[in-house]
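Two complexes, one shared chain (chain A), two partners (chain B, chain C).
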Partner chain A sequence: MSLAEPTALPVTTSVSPRLHILKRFTTGFKASLPAYLLLLPSLVFLALFTYGAMGRVLIDALYQRATPKAPVRFVGLDNIGAVLADSAFTGAVVNNLIYAVGTAIPSIALALLFALALSRTNAVTSVLRAALFLPVLIPMVAASALFLFIFLPNVGLLDYYIGRLLPVLPNWLGDSDIALYAIMIITIWKNAGYYMLFFLAGLQAVPEDVMEAAHLDGAGPFQRLRHIILPELKPTFLFVTVIATLNAVTQVDHVFVLTQGGPSNATNLVLFYIYQQAVEHYDIGKASAATLLTLAALMGLTALSFRTMANREGGA
Partner chain B sequence: MLFSRRLMLGLAIAGTMAGALAFPAQAEGPTEIDLFFPVPVDGKLARDMGTLIKEFNETHPAIKATAVYTGSYDDTLIKTRASIKAGKPPAAVIMSANFLLDMQIENELTNLDSLIAADGTSKDQFLGQFFPALQGNAVISRSVYGVPFHNSTPLLYINADQAKEAGLDPNKPPQTWAELTDWAKKLTKREGDKVTRWGIAIPCAYDYCGWMMETLTMTNGGRYYNEEFGGEVYYDTPSMQGALTWWNDLIAKHKVHPPGATPGPAVSTSFISGNAAMMMLSTGSLTYVRDNAKFAYKVAFIPRNVRNAVPIGGASLIIPAGLEADKQKAAWTLIKWMTSPEKSAWWSRATGYFAPNMAAYKTPDMVDFLSKNPDAKTAVEQLDVAKPWFATYKTVPVRKTLEDEVMLVLNGKKQPKEALVAAQKAADELLKPYNAETALKLP
Partner chain C sequence: MRLFDALFKDAPLATRGEITPKLGFALTVLLAIVWLIPFLWMGVATLRPASDGINTMAELMPSLKPTLDNIRDAWEIGDFPRYTLNTTIICTGILLVQFVTITLAGFAFARLAFAGKTLIFYLFLMQLMLVPVLLIVPNLSLVAQLGLYDTLAGVMMPFFASAFGTFLMRQAFEAIPTELEDAALIDGASLFQRIRHIYVPLSMPSFSAFAIISVTSHWNDFLWPLMVINSPDKRPLTVGLSVFTKTAEGTQAWGTIAAGTLMVIAPLLITFLIFQKRFISSFVTSGIK
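Showing the complex of A and B:
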């Protein structure tokens, strides 16, 4: 015990509670002022380009014109109602769900398979890793332009080779039953290599001694995968799933280049629907309302995944 | 010291900046203007545009024009609208000819009548320079809003070698739907049930599909839309039903046309590779076919069922609304220069589009070019039966309602009649607000 402590006590108790809070606030603010100052530049840009834009979308979503020459007027939630009643929007949501599940699961499975096969580093695996990662380096727009020729009916690369085996040549992008799956193939091809990187990193974290112990206890390769590797990779799975889902909503370059949402809206995704409303229909109110709905869904999804992640870390 | 040296320096800099803001540099130099231009077809159009603008700047020292590449026709509309909203519209834009009405309804275009009058020419004199078929898309409510720059019509392309091989005379191309169906049957090659060569291919992707439907409907005696008023389209009509049924029959009944919706590039590649013996495609693809076909080919008018008629395609030069007077004047000078006979002819030879200015075909270079490439004449001859491109309030969404239904038919999912009824209903819904303000606004 030092002498300083008892003398310090009466000082703090003599101050009234209100002043106390104020003082704590000012000292607290003074202490963190440099931090706020350092954050200011990013805050300014965030406000300008992120929060500002979001605020604008929120406002735009509440206004609409009745006729082309009429001024915009406040309509409340009418725009959101109109979007929800639009069969093109619900169709796009359904397409997007199929697209998200149908691209996330295969590309994650493939990525895991690649990562497990190429987890040891040597000359061969390095070359193979680079080859699998290559699609990530090609911009989506350029990749889509390439696939335009691969998918050409009758004369494209795909029909040239597969066509010999099939009785009728499929019109990959022109058949409303097949087009969405053709689009999904591109996404899987493009993203599997990217997710492989995360799994490779995750595999490095699997403790060597546990693996060795399991090996000595006579655990076979499948048992080691099932009981050691997969549980250790859980955070990676969670992270990659979030990324894959976000990609399914935010990447529509190939839809833009290859199908424009067609034929007959078969490949229309939510982001492309928003683009159509804003640009083709020139309907800012409806586009903003659809943006808000998408944003809400994405934020919900992100919050959910962060909570799951936090829970996991807390529990571990 | 009251005024430190640093403060003096700061004041001096601030003063200079204020001066620069108050007296913009453009007061002395040439008027600077931007031209937005799209590249809707394959080829080296961007480089050709650079050459054209360089020549303009060299011959017009008072104006400094910059050509800004803005993507496809649709992208160009988006970027133009964004610039207008931002308060900095470009001085001139090469705009898809059927977007003009939509822009005029949205108050985004400069009425060119006063600029024409200021030159001392009458409207009739000015419009008289261009092929009559092109005027419908440039004139709205008797005022000029656009100047035709490069234009097209659909054509029937025939692989002449394959036609000869099938015992057909490529010099007597099919003139009616019946003859075309017959040709397509004879040109289709099969191995069992599998088709190894299609008789004919007609493109159907957004934009192209609507244009082809207009073409087929017009040759069947019909009209796609009300040429005088932007609030009506005629989807649920016998002429369009006949057109769509015939197209569907080529696929489902005669099996001479590839099933599903095939985009333009896929159709031209099929034709070039000998996989489709005939195709209907824009004149804009003529240069591409000429450069790439390794066989003899023929181009012909689109065959008729009731009458010969085709819609035009292509783009016009426009001046967006909300521009300063000096920039407007400079843009007008640029537009007049670009649509003059010599420049029009030069651009036509570089791109494959036809030149809208009739005098272009009298220039010596063009006469020479046509004698070497007689196929380029067909598009010009077909102009005699050409009519405007569909343009309505919200042209693109209204067109898409039809295209989505046509794609369902071509994919065997719907019958033509029910598809057209659905398209008509969706289009009427889109046109409702405009009609409420015009045709249905009663005293």
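Showing the complex of A and C:
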């Protein structure tokens, strides 16, 4: 469209609506230009590594190579079908669900206990908080290196101190019935102190005089917890559950260091499966299809939790 | 009981006599001790001489003949100075670029009106939901196409833009009174001068909160650098430690593994113990990073 066109017609007394919109758009754009320039650096990297990556996953999931050197060809939904038919993937999904529930519930429960016990601030509680928070800081790989010895059969820390009480010494990381639970212990140890912080912050909102009044009315500690503290902490619970779920999907470093997904895929989690497909089997199509499915599930979950949060805010 | 009374002396008078909170506290103390055992073992095993034998390796009582041999071995076998340098370069590089991108974007969202603001805001929000860790496969292909495979820059690049940091800075900038900026505007200060001399100096607490979260999370990154880095001399600490652990596990050198682990986490632990309050309040704001 030429900008000069309307001015070439002398009969036009009023500006054509189309030009009007265009003009508004250009002046709007001009006024917005400084903001766009400030946003540009961020948007470039987001475009490359977030949106671009999303698009790339979508496309890569539709293509496949017959051999690692062969050219890619369009296969439609074959990759997704192949991933869904792969027992290693479905196994990883089931493991990940057990892992998510089995790490989220205990670590959130422990976090609540810690926060309730340490809600008042003094020298003793500060030391205890720091002790419980230490695992949060260290790399998962370092935690794994320590637990490698803790779970070591016969001479390891666990067998040395607790093993004598058991009739048969379990092979913590080598037994496919136990390994996933051993992995879960590390995650609980590492994350409970992190979630504790959110509950500590949430507890600040519980009014002390209401607690005292409830006590005078004869409410015991559990009744106060049930009827005053827990309702107050509802948003915190929701928030921490979302983070715990995200962690259950994205933290797999300990699987890499301790078990490599074994024994016989008993500790294989979804992200580790994706890593295996991409790096060990060079199967980008399948890795992308698995990524796509995981992202879809996570986004559905996030949308759901946002809606619950929005409903709650609107309702209350 | 005396000790408990002292600890509960600031509890509301009415609840001071209750037993349940004290039981909960006792359980928490017990668990805090359990929580520290892996660290305790790490310290004791680091100082234990190899001559004590494998059967006492799990003993939590410190050895009577402490030695620094394990630390020396770990230092020599693992290339820890090199790994530390690489991790430091990665964390500093990411942080410096992030400071620029989040300051500029945070300012745009806090103070400027522009077309499509809501849309662009949601575009940023998307990064929080699409956890970057999950996009390792497409990002690896991109990094390879950019010619950055097996470089530290390749490890850093996906983290240069940070939605979390942008929102944090937006919040900080919004809290700054506009009168300050108006005064500078009258004096003829340019946009960048106003950001540089008014907004940035007044937002230091937010910058330090962001720095703590950014550095700890990238210090601990593992899977992504593992995929991008191939040469041994470019490994960050986490990847180096995992390789080192694999090697030392074969020879049952648990004291050396403990020493290596200690070296990897010591910088973070020391910084945490010094700036404890800061760390804790930063982590509370971090939620989803």
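Following the convention adopted for this analysis, the second predicted complex is superposed on the first by the 274 of 316 C-alpha atoms of A that agree within 3 Å, B and C clash if a C-alpha of one lies under 4 Å from a C-alpha of the other, contacts with A are read in each partner's own complex, and residues count from 1 in each chain.
Please note the rule applied: a contact is a pair of C-beta atoms (placed from the backbone, for glycine too) under 8 Å apart; a residue touches a chain by one contact, two chains touch by 3 or more.
In this text, all values refer to a predicted model and were calculated from it rather than measured experimentally.
Between chain B and chain C, more residues of chain A are touched by C. Looking at the shared chain after the overlay, A:S288 reaches chain C, while chain B stays out of its contact range. By the touch criterion stated above, A:P167 is placed in contact with chain B alone, chain C being left untouched.
Looking at the shared chain after the overlay, A:G220 reaches chain C, while chain B stays out of its contact range.
Of the two partner chains placed by the overlay, neither chain B nor chain C lies in contact with A:L77.
Using the contact criterion defined above for the overlaid structures, shared-chain residue A:L146 touches chain C, although it does not reach chain B. Residue contacts after overlaying the shared chain place A:L230 against neither chain B nor chain C. In the superposition on chain A, A:V155 contacts both chain B and chain C. Of the two partner chains, neither chain B nor chain C is touched by A:L304.
Shared-chain residue A:D175: touches chain B; no touch with chain C. The contact surfaces that chain B and chain C form on chain A in the two complexes overlap at residues 148-149, 152, 155, 279.
Residues 7, 10-15, 18, 20-21, 24-25, 27-29, 31-33, 35-39, 41-42, 45, 54-55, 57-60, 100-102, 104-105, 107-108, 112-117, 120, 123-124, 126-127, 129-142, 157-158, 160-163, 166, 191, 216, 219-220, 222-223, 226-227, 237-239, 241-242, 245, 249, 254, 257-258, 260-261, 264-265, 268-269, 272-273, 276, 279-280, 283-284, 287-288 of chain C touch chain A in their complex.
Residues of chain A touching chain B in their complex: 65-70, 148-149, 152-155, 167-169, 171, 173-177, 260-265, 276, 279-282. Residues 74, 77-78, 81, 105-107, 193-194, 198, 204-206, 258-263, 265-266, 269-270, 273, 275, 393-394, 396-397, 400, 403-405, 407-408, 410-411, 413, 430, 433-434, 436-437 of chain B are the ones touching chain A in the complex. Chain A contributes residues 28-29, 31-32, 34-36, 38-39, 41-46, 48-54, 56-57, 60, 110, 113-114, 116-118, 120, 122, 124-126, 128-150, 152, 155-157, 159-161, 189, 193-194, 197-198, 200-201, 208, 211-212, 215-216, 220-222, 239, 242-243, 246, 249-250, 252-253, 256-257, 271, 274-275, 278-279, 284, 287-288, 291, 294-295, 298-299, 302 to its touches with chain C in the complex.
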